[in-house]
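Shared between the two complexes below is chain A, which has chain B as its partner in the first and chain C in the second.
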Partner chain A sequence: MPAIAHTVKQVVAKYGGDATRLMDVLIDVQAELGCLSHVTAARIADVLGIPQVDVEQTASFYHFFAREPRGKFAVYLNDSVVAEFCGRAEVAAAFEDAAGCKFGAVSADGVVGLFHTACIGMSDQEPAALVNGQVFPKLTPEKARALVVGMRAGKTIEELKGDRFGDGQNAHPEVRALVHNHVRRRGVMVFDHYRPGEALAKVVKMSSGEVIAAVKAASVRGRGGAGFPTGMKWDFARRAAGDVKYVFCNADEGEPGTFKDRVILTERPQMVIEGMAIAAYAVGARRGVLYVRHEYLYLRAYLEHVLADLRAQGLLGTAIGGLAGFDFDVSLQFGGGAYVCGEESALIESAEGKRGEPRDRPPFPVEKGYLQKPTVVNNVETLCSAVQVLLKGPEWYNRLGTEKSKGTKVLCVSGDCDRPGIYEVEWGFSVNDILREAGARDVQAVQVGGPSGSCIGPDEFNRVLAYEDLATGGSFIVVGKHRDLLKDVVLNFARFFREESCGSCVPCRALTGMAQVVLERLVAGQGTAEDVERLRAWQKIMRNNRCGLGQTALNPIVTTIQNFRPLYDARLAAGDPRFVPSFDLAAAVQDYDAAVGKG
Partner chain B sequence: MASFVRFTLDGKTCLAEEGAQLVAAAREAGVYIPTLCNYPGIPPKGACRICTVLVNGIPQTACTTKVVEDMNVATTTPELEAFRRSVVEILFAEGNHLCPSCERSGNCELQALAYRYRVTVSNFPYLFPKRDVEAWHPKLVKDHNRCIQCKRCIRGIHNAAGHAIFAFGKRGDKVVINIDPDTSKDIDDELAQRAMDICPVGAILRKGKGFDVPIGRRTYDRAPIGSEVRP
Partner chain C sequence: MSAKAPKKIVATTSLAGCFGCHMSLLDIDERILDLIELVEFNKSPLDDIKTFTKECDVGLIEGGCCNDENVHVLTEFRKHCKTLVAFGECALMGGLPALRNVLPLKECLDEAYLDGPTVADGNPGKIIPHDPDLPKILNRVYPCHEVVKIDYFLPGCPPSADLIWDALVALVTGKELDLQYRSFKFD
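This part shows the complex of A and B:
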């Protein structure tokens, strides 16, 4: 108890007793105490001067906030589609066997806790797990056993990691991660030559209007998937009333199969932050927040170091680029494990210390965002594009891509292929092009844009990646012919959405679960044609949910019904699409009849 | 000094105060838009989605929409009505709603909407979730089986010091309404009654009080929901 009181007091003081910093408080307290018990939550509430239920509602919303001890080593093994492809089941069995406990529990000696988690952004090196926040990629049953043995032998997390760090900045002294970048194709936007500050030096000679005009002229569109014109967003924020404004970078990539932000934040963090500074200059903001998903906490010290470096170089802080009055600084905000926080208004709620529930719109964040002030939220890749546009000009930018989609796209290729990893391509590449480069053969399907995108078959592989054809936030999962598409892929995604719904909208909260129930029945061969139609009809209901998560949550099911109907038909009960559920009344009441002496 | 704006409601031109909530403005104009999570006087949160209407052709929740000049609103297309019926049916299948044994029968908005849409059975898979009944609180009973997570209690009930008493816990299909033991400690009978009244269903009950009006003579037993709204 004194330990709890002491830790809570210290951590809360670190954040100035500010209840809007609840996420930071929870993350730091959990790091110290191992979990956030109800006693701890009550203590935090007390010191912050808010009701305990308010602490509980945030603490219980996020997947990585544990309410009970998780063991000295908390193993979060990814259970995404790609992880399963790569042999997760065997690794999980090895962990359970070695630890002597099941997933969802802690070993009797309190050393190992085993937990499931959704995609952790390592689809290019699965199966992977987070252990006390550190990444252990490419696991095998042997490695899993060895890890548990090491944990029991009293090794530290650093000793468990060893020193065979990944390439590039993964080996940076502040990162020391076993993660590999796997940048397979370097494009001109993100992974080309880059020197921090060059773009800002040009920007400070321009007016804010000129900066926005350049971004508009280049028709930069949001890279998160929705494709909203970036220049327009900046313009709205610039015109919004109020002198306090914010720039947010959304690095909360949670779409299964996506890992570009991880690589960009490892190799090009300066570029992302420079992009934020440019946005700040354009809209008149003095504070920025880089919101990073909880899974990338291992980059925390490194990103702090990068920020300090940029401050020292005069690229953050006061009088940026030597321009008096251009003051802007960025702080880090980590999430707690919630896919829905990738939605910009949910991300803002989370940064305010609340549950990551999307807001009703209007008002949009550019009018009323973080702390009710005008806020620009941009994707990591979008900000990189803005830097290049300012550096090389809109004409250069507009020469890349297709008629309606300019610039490049960073793709995260994973699944059944020889070379999973990062491919930065111009918009307009076809699915076939990517498959060839990635070394994919015998492909049954590609999940483009992650589960919220669409699942397409070979007859559509000539389609191109572009806002006007196949829009994508970056996830590109290859599914081989040998996979059971419905069971291994679609069902996994259905479970994912059920777990990630924030629970606010009725259709999203209930139908994600109901869809899983019906799909399980179909996969088990007990479904009917009526069930298939029903799932399709539910999509219409889901369209009226508040946010993109709820609106697209049935996409994995609906797009496979559309493109792979025979797979469903083949599983219908009695193998007959006309099968109508019924039951044999006489058989059902047989024992009753016998008891009452009938028949 | 409110300014008035002209807008179109189901083809009819109407006048409303600029910025008025669409649900309220429609009600004034004699058009009933079904609601569940909305409650007059507390900030809206488009949670149940049942009030979805078409604003200039785009689906939007009427409780979170403010009336602006020239807005064109359609409140009752066959698709919208089908959607509303689905929301009611989904709620019945999602929780455990046993009207005949519920204290709130006849005063329940969910039940009343089910009558309105003539729902006899839900077309959605019944989940029969295992949920608790909490009776530890000196003044309140929380029957989670009946909760439709509308958040009306969260948004509308605060103690004398202005602190929240209710809040969500968890997320997705596991969300649950929690009662703060501390901030709810000293609530008086009046606030307990208000908590019960603000709940659209029978998920919050006030302890220690019988029921004045017998089933059969309650609000929606006498007249269907929405029938008080007349052009």
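This part shows the complex of A and C:
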């Protein structure tokens, strides 16, 4: 108990007793104490001066916040589609065997905890796990066993990692990660030559209106997937009433199959932060928040180091670029493990220390965002584009891409191909182009834009990646012909959405669960044509959900019904349609027979 | 409809329900006189016909399935009725009986027959009832649509007499149901 009181007091003091920093408090307290028990929650509430229920609801919302001890080493093994493709099942079995406990539990000696987790942004090096926040990519059953043996032998997490760090900044002394970047194609926007501060030096000679005009002239659109015009967003925020404004960078990439923000934050964090400073200059903000998903906590010390560096160079802080009055600083905010926080209003809620539930819109964040003040929320890659536009000019930018989609897009290619990784291409490349570059053969389907995007077959591989044709936030998952598309891919996505629904809107909460049940039935060969129609009909109801997660949660199912209908038809149950094929009377009375001793 | 046209035939049953939905059906009051002009009842607790003697146009199902006899009856209804209507919360969702669905059946039976405080010394042989004449309890309570195809659903606990009346008349006359908002507004 004294340990709890002491830790809570210290951590809360570190964040100035500010209740809106509850996420940081919970992350740090958990790092110290191993979990966030009710006693700890009560203590935090007490010291912050807020109701205990406010602490409880935030602590219980996020996947990585533990309410009970999760072992000296908490292993979170990714269970995404791509991880499964890469042999996750064997790795999971090896972990269970070596640890002597099942997933969802802690070994009897309290050393190893095994847990499932959704895509951790390592689709180019699966199967991967997070162990006490550190990434262990490209796992094999042998490596899994060796890890458990090492944990039991009393090794530290650093000793378990070893020193075979990845390429580029992954080997930076503040990162020391086993992660590899896998940048396969370097484009001109993000991965070209870059010197921090060059763009800002130009910006401080312009007016804020000129900066916005340049971004508008370049028709930069949001790279998170929705494609909202960035200049317009900045303009709204600039015109919004009030003199306290915020700039957020959304680095909560949770869309399965996406990992570009990981690589950009590893190799080009200065560029992202410079982009935030430019946005701040344009809209008149003095504070920025870089919201990074919990899975990338291993970058925390490094990003703090980068921020300190930029302050030392005069690119953050007061009088940026020597311009009196241009004051802006950025703080880091980590999430707690929740896909829905990639939605900008949920992200803002989370940054305020609350459950990551999307807000009703309007008002939009540019009017009332963080702490009810005008807030610009931009994707990592969008901010990089803004830097280049200011550096090289809108004319240069507009020469790249297609008519309606200017610039480049960083694609995250994963799945059944020889060269998974990062490809920065101009908008307008076709799916076939990408498949060829990535070395993908015998392709059955490509999931473009992740589960919330669409699943297309070979007859659509000539379509181009652009806002006017196939829009994407970056995820590009290749599914080989040998896969069972419905069972291995669609069902995995259905479970993902059920798990990640925040539960706020009834259609999303209820139908993600029902869709999973119906899909399981169909996969098991016990479904009917009516079930297929039912799934399609539910899509209309899902449009009433508040946020993009709910509105797109049935996309994996509906787009495969549309593009791969024969796969569904081939599994329909035969027999009299008046009777439900999944009902099995013999199985339904088994428990009773056993209870009365006749089983 | 013309007086000479043959009456539509209706069957009803209460499975794992409380008969409240049938009581609600009787709440149509004097309209019951109009009803018997419109329809003829076959298998139903209202006339105590135990087995189907005719093929029916409409079957009304109250309650979900908690035992194998419920499944048997529901299956018979599906075979003999052209249109099957589930009415009331239990038929639609399992209702109150489905509260046990969160527990394993064994725990429910142990509590009811062996360990519950009201058992006292009433079951010295520690027997959970079982006999070829007794229905077998299912592992959980199933809503009707998980067992057979249901054509229409009338929600409510119970559905109001007006809703049942309006739906039944629409079905037997073939006229479109004028669905009133108040019929399915519950709060």
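Criterion: the second predicted complex is superposed on the first by the 574 of 599 C-alpha atoms of A that agree within 3 Å, B and C clash if a C-alpha of one lies under 4 Å from a C-alpha of the other, contacts with A are read in each partner's own complex, and residues count from 1 in each chain.
By our rule, a contact is a pair of C-beta atoms (placed from the backbone, for glycine too) under 8 Å apart; a residue touches a chain by one contact, two chains touch by 3 or more.
It should be emphasised that the depicted structure is a prediction, and the values quoted were computed from it without experimental measurement.
**Student:** Is A:Phe583 contacted by the first partner chain B, the second partner chain C, both or neither?
**Tutor:** The answer is second: A:Phe583 touches chain C but not chain B.
**Student:** If you stack the two complexes on chain A, which partner ends up touching A:Asp591: first (chain B), second (chain C), both, or neither?
**Tutor:** The second partner, chain C, only.
**Student:** Which partner does A:Val506 contact after superposing on A: first (chain B), second (chain C), both, neither?
**Tutor:** A:Val506 sits against chain B, while chain C stays out of touch.
**Student:** Could you say whether A:Val39 touches chain B, chain C, both of them, or neither, answering first, second, both or neither?
**Tutor:** neither
**Student:** May I ask you to name which of chain B and chain C touches more residues of chain A?
**Tutor:** Result: the larger residue contact count on chain A belongs to B.
**Student:** Touch check for A:Ala3: first (chain B), second (chain C), both, or neither?
**Tutor:** Touch status of A:Ala3: no partner.
**Student:** Just to be sure I read the superposition right, which of the two partners does A:Pro51 touch: chain B = first, chain C = second, or both, or neither?
**Tutor:** The answer is first: A:Pro51 touches chain B but not chain C.
**Student:** Figure out whether A:Ala153 sits in contact with chain B (first) or chain C (second), or with both, or with neither.
**Tutor:** neither
**Student:** Would you sort A:Ala93 into first (chain B), second (chain C), both or neither based on which partner it touches?
**Tutor:** Touch partners of A:Ala93: none, neither chain B nor chain C.
**Student:** So which bits of chain A does chain B touch that chain C touches too?
**Tutor:** Touching chain B and chain C on chain A: no residues.
**Student:** Along chain C, where are the residues that touch chain A in the complex?
**Tutor:** Counting only chain C, the residues touching chain A are 68, 71, 75, 78-79, 104-106, 109-110, 128-130, 136-140, 142, 145-149.
**Student:** If we count contacts the way the header does, which residues on chain A are in touch with chain B in the complex?
**Tutor:** Those residues of chain A that touch chain B are 50-54, 56-57, 60-61, 338, 355, 360, 498-507, 509-514, 517-518, 540-541, 543-546.
**Student:** Enumerate the contact residues on chain A facing chain C in the complex.
**Tutor:** Residue positions touching the partner: 530, 577-580, 582-583, 585, 587-596, 598.
**Student:** Would you mind writing out the residues of chain B in touch with chain A in their complex?
**Tutor:** Spelled out, the residues of chain B in touch with chain A are 44-50, 52, 59, 61, 64, 79, 83, 86-87, 90-91, 93-94, 124-125, 127, 148-149, 151, 163-175, 178-183.
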